[in-house]
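Okay, so here's the structure we're looking at.
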Amino acid sequence: MATNKLALLLALSLSLLASVALGRQSQTRLSRAQQCRFNQLTRLQPSRRIESEGGVTDVWDENEDQFQCAGVAPLRNILQPNSLSLPNFHPAPRLVYIERGQGLLGVHFPGCAETFQSQQSSSEGGREQEQGRGRSGRDQHQKIRRIRRGDIVALPSGVAHWCFNDGDEELVAVSITDLNNEANQLDQNLRAYYLAGGPQKRGRQGERGPENFQNVLRGFDEELMAEAFNVDREIVRKMQRQDERGLIVKVREGMGMIRPDEREEEEEGEWGRRMNGIEETWCTMRLHHNVDDRREAEVYSREGGRLNVVNRNKLPILRYMDLSAEKGHLFPNALYTPHWSINSHSIVYITRGEGQVQIADHRGQSVMNDRVSQGDMFVVPQFYAATVKAQSNGIEWVSFKTNGSPMRSPVAGYTSVLRAMPLQVISNSYQISPGEAQNLKYNRGRETVMASPRRS
Amino acid sequence: MATNKLALLLALSLSLLASVALGRQSQTRLSRAQQCRFNQLTRLQPSRRIESEGGVTDVWDENEDQFQCAGVAPLRNILQPNSLSLPNFHPAPRLVYIERGQGLLGVHFPGCAETFQSQQSSSEGGREQEQGRGRSGRDQHQKIRRIRRGDIVALPSGVAHWCFNDGDEELVAVSITDLNNEANQLDQNLRAYYLAGGPQKRGRQGERGPENFQNVLRGFDEELMAEAFNVDREIVRKMQRQDERGLIVKVREGMGMIRPDEREEEEEGEWGRRMNGIEETWCTMRLHHNVDDRREAEVYSREGGRLNVVNRNKLPILRYMDLSAEKGHLFPNALYTPHWSINSHSIVYITRGEGQVQIADHRGQSVMNDRVSQGDMFVVPQFYAATVKAQSNGIEWVSFKTNGSPMRSPVAGYTSVLRAMPLQVISNSYQISPGEAQNLKYNRGRETVMASPRRS
Amino acid sequence: MATNKLALLLALSLSLLASVALGRQSQTRLSRAQQCRFNQLTRLQPSRRIESEGGVTDVWDENEDQFQCAGVAPLRNILQPNSLSLPNFHPAPRLVYIERGQGLLGVHFPGCAETFQSQQSSSEGGREQEQGRGRSGRDQHQKIRRIRRGDIVALPSGVAHWCFNDGDEELVAVSITDLNNEANQLDQNLRAYYLAGGPQKRGRQGERGPENFQNVLRGFDEELMAEAFNVDREIVRKMQRQDERGLIVKVREGMGMIRPDEREEEEEGEWGRRMNGIEETWCTMRLHHNVDDRREAEVYSREGGRLNVVNRNKLPILRYMDLSAEKGHLFPNALYTPHWSINSHSIVYITRGEGQVQIADHRGQSVMNDRVSQGDMFVVPQFYAATVKAQSNGIEWVSFKTNGSPMRSPVAGYTSVLRAMPLQVISNSYQISPGEAQNLKYNRGRETVMASPRRS
């Protein structure tokens, strides 16, 4: 009976939630007296590192011109095996790419049901108590998600999450936080609100970083906290104490029992995929989608390369976050032909190989002409024309985009703007002969975006 | 026949209106090189008072850091009995809470029909003239709404409105104007465009206020105004004259006859409630909803307190304004447990009683730890963790929120983030024993948000 | 068979496109620490002229206070007969009014099919080649649109377009680019990205203009371009060479053959009109609508004048661009009565005749009281009250509005705010007698917005 009432209460709170957006009604870019005028774009490495007991956090300088223009703050978290990224939330949506490893992710939506049960590790279990669920041998909590190399993970703003590396290798997660996103009504500075811990050591330049990544619960009165949780002040003192372990901690108490049954989770994912739509509630929303699956490639050319996109159609929560990501793989010596983005900035992170990047602006000037390799990050601003030429080993990258449905306009090849124009417009525009115009328009045949190396 | 044609014309203009949004397609926050960095939040009282013949207007300083961060300008209008707030409009949506009294509200949507008839006070009536409606004994005008203590009233931007206190006590209306709202394409300064009158005296510090609250019609040429209205210049001179009565005037001509039949209005309200949906037009849209109705409480705890919300589901016009309000009542010594707002700022106004407010930021520091009481106002910024502890008489407040569907994430209790986590995550995060983690997670039982006082 | 595969590929890319928005999910105003405080609004002429071989580009100074407040940059392109405006795109949506002449417009959506065939001018045709379409005698390209005097043309941001004047007279196109539009994630500076050419001479004051209107392809390496297009470097050198012809060029190669069959195009337009709706794809979307058609007038008064509106209902792409336009024609000595705009700025361009414009602000002060005539441009800021009095020859204007469904609130006449109020509110507001209030409310009878000259 009591369970029924609880279920009813829960259902009511869910129906309230179902119509709730995490941001305001639409996600939109805010400006910060935004300036996007650069003579030079450069590939960037993280500017500081926050070291923790169980891993490190690499922070790019969000005050760099190109990140300011795009309105994003990039991060890279590296979790050692058996380490836990402490529960925290941030004031803007974050899009993550799992570069290496695997782990368990908990993202907690207020009001959603605790639908997962774990066998408890301690020996106190077994009694069914009046106090409710959880006093029994089983602990109940919200859904836990398995994330793996190649996943794009969407973390909405203001929603607390933790991540546990239960694998054998490092878990590397590269992300951008979309500070300009409409969901963020604070200013454009990167903050993280931790519910535990706090950074261990100060980074090289980092007076900002650590200060902005602290345990928010330390801001409350001990007595009030004890009353809020109805616990002894001793426990509150432990929650609020100076914690030298930082943002990522080594796990001492075993966490094995919370591993979800993989097969079931997969099926739930399938189910989630089928029910995605307007009636989908926050509680069951899918938060990740693999971008490395070859069968889902949007562009594939046997000699050119492959492009995978995770947009708001594949991962519906991106409708609300208005972000998306693209994974590119350019085969040896192939060319990502010149193109511009119609509706987003692109924040590019190189995951493997090497390539030559050229970017041109509206003044007809080259703002970037650089060799890039693994770990480099740079921004291709909206409307700027860009191209990548793979080196002899090919190149792979992930590109975060500030639009839920990014759109690209290629200059050359099958779907290009030149192919769309009448020959006479081309020949008159460039003062070339009809034959030359025809070569310009048709010589790439049916190739588009990812062009095979030229046979010369 | 003529009436039929008019009806047709009206219907046509209505169908045009039906698809019209008052703001741009969506309401969104604008930034103002927005800064939300404070070491201290303080409870604030109005900084100046504009005195008028029939009441006063208390103005909080919108340049205070916390109001700048939230992008709002707070006001409190106090109308004496038999007084009229002169017709005016403002460049951003306004959400009002009727703290005391009752009155009649006219909000005028261009193109909507004059569906209300009043018996005319003068003796000229009785003749049906070619000139059309209104020359008869009956005056026709748009719908008039009855507003009462406890109502949340939504006033869209750019729409003229007036308010008449026909009750026996003062009418007190507290409001915020959402200057950052997307409907406002001007800058972020509070303005009010009056169609009559003008402020009587200057406030204490107020060069800004009065200057920004003036009769816009005084800016036009007398001759042109006479032609526009097709009246004698004498009347125009009266419209434009310096008016010492200010923004709120005593009524000399009787207004009793325009009182709508209360029962009918209620029924219309009922009807409006049933037809709210996509097909709803602006003309029939409900503009107010009572937030003091106990039967509609979202959260109720016998020993803790009560929370009522008026969001875009209860009052659909809030979809377009992207604002909402919450009324809280915390019983003696009860605790509004620590929580943060996921998608809005909260502008809190204390209506009764006393309480201790604590607010913590991302640096783990306390930015507010203050005793607040009736008439105090303060902002809880988005993502900042806050808590209220009622004093011995309990405390009541109204909180305006910069989102049409506000969402709260509690730290402790039944629907909290800790309840959503596995025990192992809690014990590893705080380095506490499984038993302590269990206490932290479950000791508040099924209580949430409004927690009863701890029995100690 | 090969054609079938291509069709399939195309269909796939279209279905991807169908759900794509050109901007982010909603178009919204960005602020630029926006300031809208002026003591004076003045009528403005272009501040500089960019001269090209085939015409001129007149540029208003977008840094003028009133354009900064509205967030727009106005332009006027004048194409001589047989001249081509070179392919280019801009970082924000543009709304164009064709003031004179006619022409052909190509707007190229990436991924859309090349559905138009032209007979080729050169003699190389006739062979069907493996290389695919286009090597045959027929050239295939995307849809070409006929634009004419009186058309409002919508050009989305980031989409390349060209225009060819195939008529006998100059083609004059006046436009505003909505830099504050949410589709623009760069800063608020006017840029144009050309795919060919570049400005010929520097304007009078113009270091900014020409620098911001350049051939973007010149920013790429010659070798890389040759590979991207798979052509000789000789052709690339021609594409990138310094071009003295500017932004608009004389056509040497004949363009006659690409003229679409007018009757068919009209029918397609009809078809497009019928199928406009949610399922409409970008590829078939209508981009223009005539605003001079008397049968479509929204307001018509035999002695007053006429108002035509092109909003998001008439031209659905304006939903995504959140812009609209109004064409006004005021008959001799008639009056556009005082009114304010509820949800947009208006950027007014006078196309014929003369009139007296008065604009008043919230301080009750006149910020404009000027005689305006053909070629003048000025902004009526949102919420500011404005009125126009035609001179003896009447006056015509086009007004661009920063909202897809603009809404006006008149002060006097049939649909006005005074008509919506009870007489008692009017008489008490202005301290006038009930009879005077009745005159004020009803003397304009059924006239609204466009008032006939007063018989005095």
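Chains here go by letter, A, B and C, matching the order in which they are written, and residues are numbered from 1 within each.
Everything below uses one rule, namely that a contact is a pair of C-beta atoms (placed from the backbone, for glycine too) under 8 Å apart; a residue touches a chain by one contact, two chains touch by 3 or more.
Keep in mind it's a predicted model, so treat the numbers as computed, not measured.
Student: Determine whether chain A and chain C, two copies of the same sequence, contact each other through the same residue numbers or different ones, counting it as same when over half of the numbers at the interface appear on both sides.
Tutor: different
Student: Using only the C-alpha atoms, find the rotation that maps chain B onto chain C and quote its angle between 0 and 180 degrees, to the nearest 5.
Tutor: About 120 degrees, rounded to the nearest 5.
Student: Could you grab the centroid distance between chain A and chain C? Build each centroid from C-alpha atoms only and quote it in angstrom.
Tutor: Computed from C-alpha means, the inter-chain centre distance equals 37 Å.
Student: At least two other chains touched by the same residue of chain A: list those residues.
Tutor: In chain A, residues 26, 28, 30-31, 33 touch at least two other chains, as defined above.
Student: What residues of chain C sit close enough to touch chain B in their complex?
Tutor: Spelled out, the residues of chain C in touch with chain B are 26-31, 33-37, 69-71, 180, 182, 298, 312-313, 319, 322, 335, 337-338, 340-345, 358-367, 369, 381-383, 385, 387, 389, 402-405, 407-413, 415-425, 427-432, 434-436, 438-446, 451, 453-454.
Student: Can you list the residues on chain C that touch chain A in the complex?
Tutor: 6, 13, 16-17, 19-26, 28, 30-33, 84, 86-87, 89, 91, 106, 108-112, 114, 116, 118, 120-122, 124, 131-132, 134-135, 139, 141-142, 144, 157-160, 162, 164, 182-189, 191-198, 211-221, 224-225, 227-232, 235, 238-239, 243, 245, 249, 251-255, 257-258
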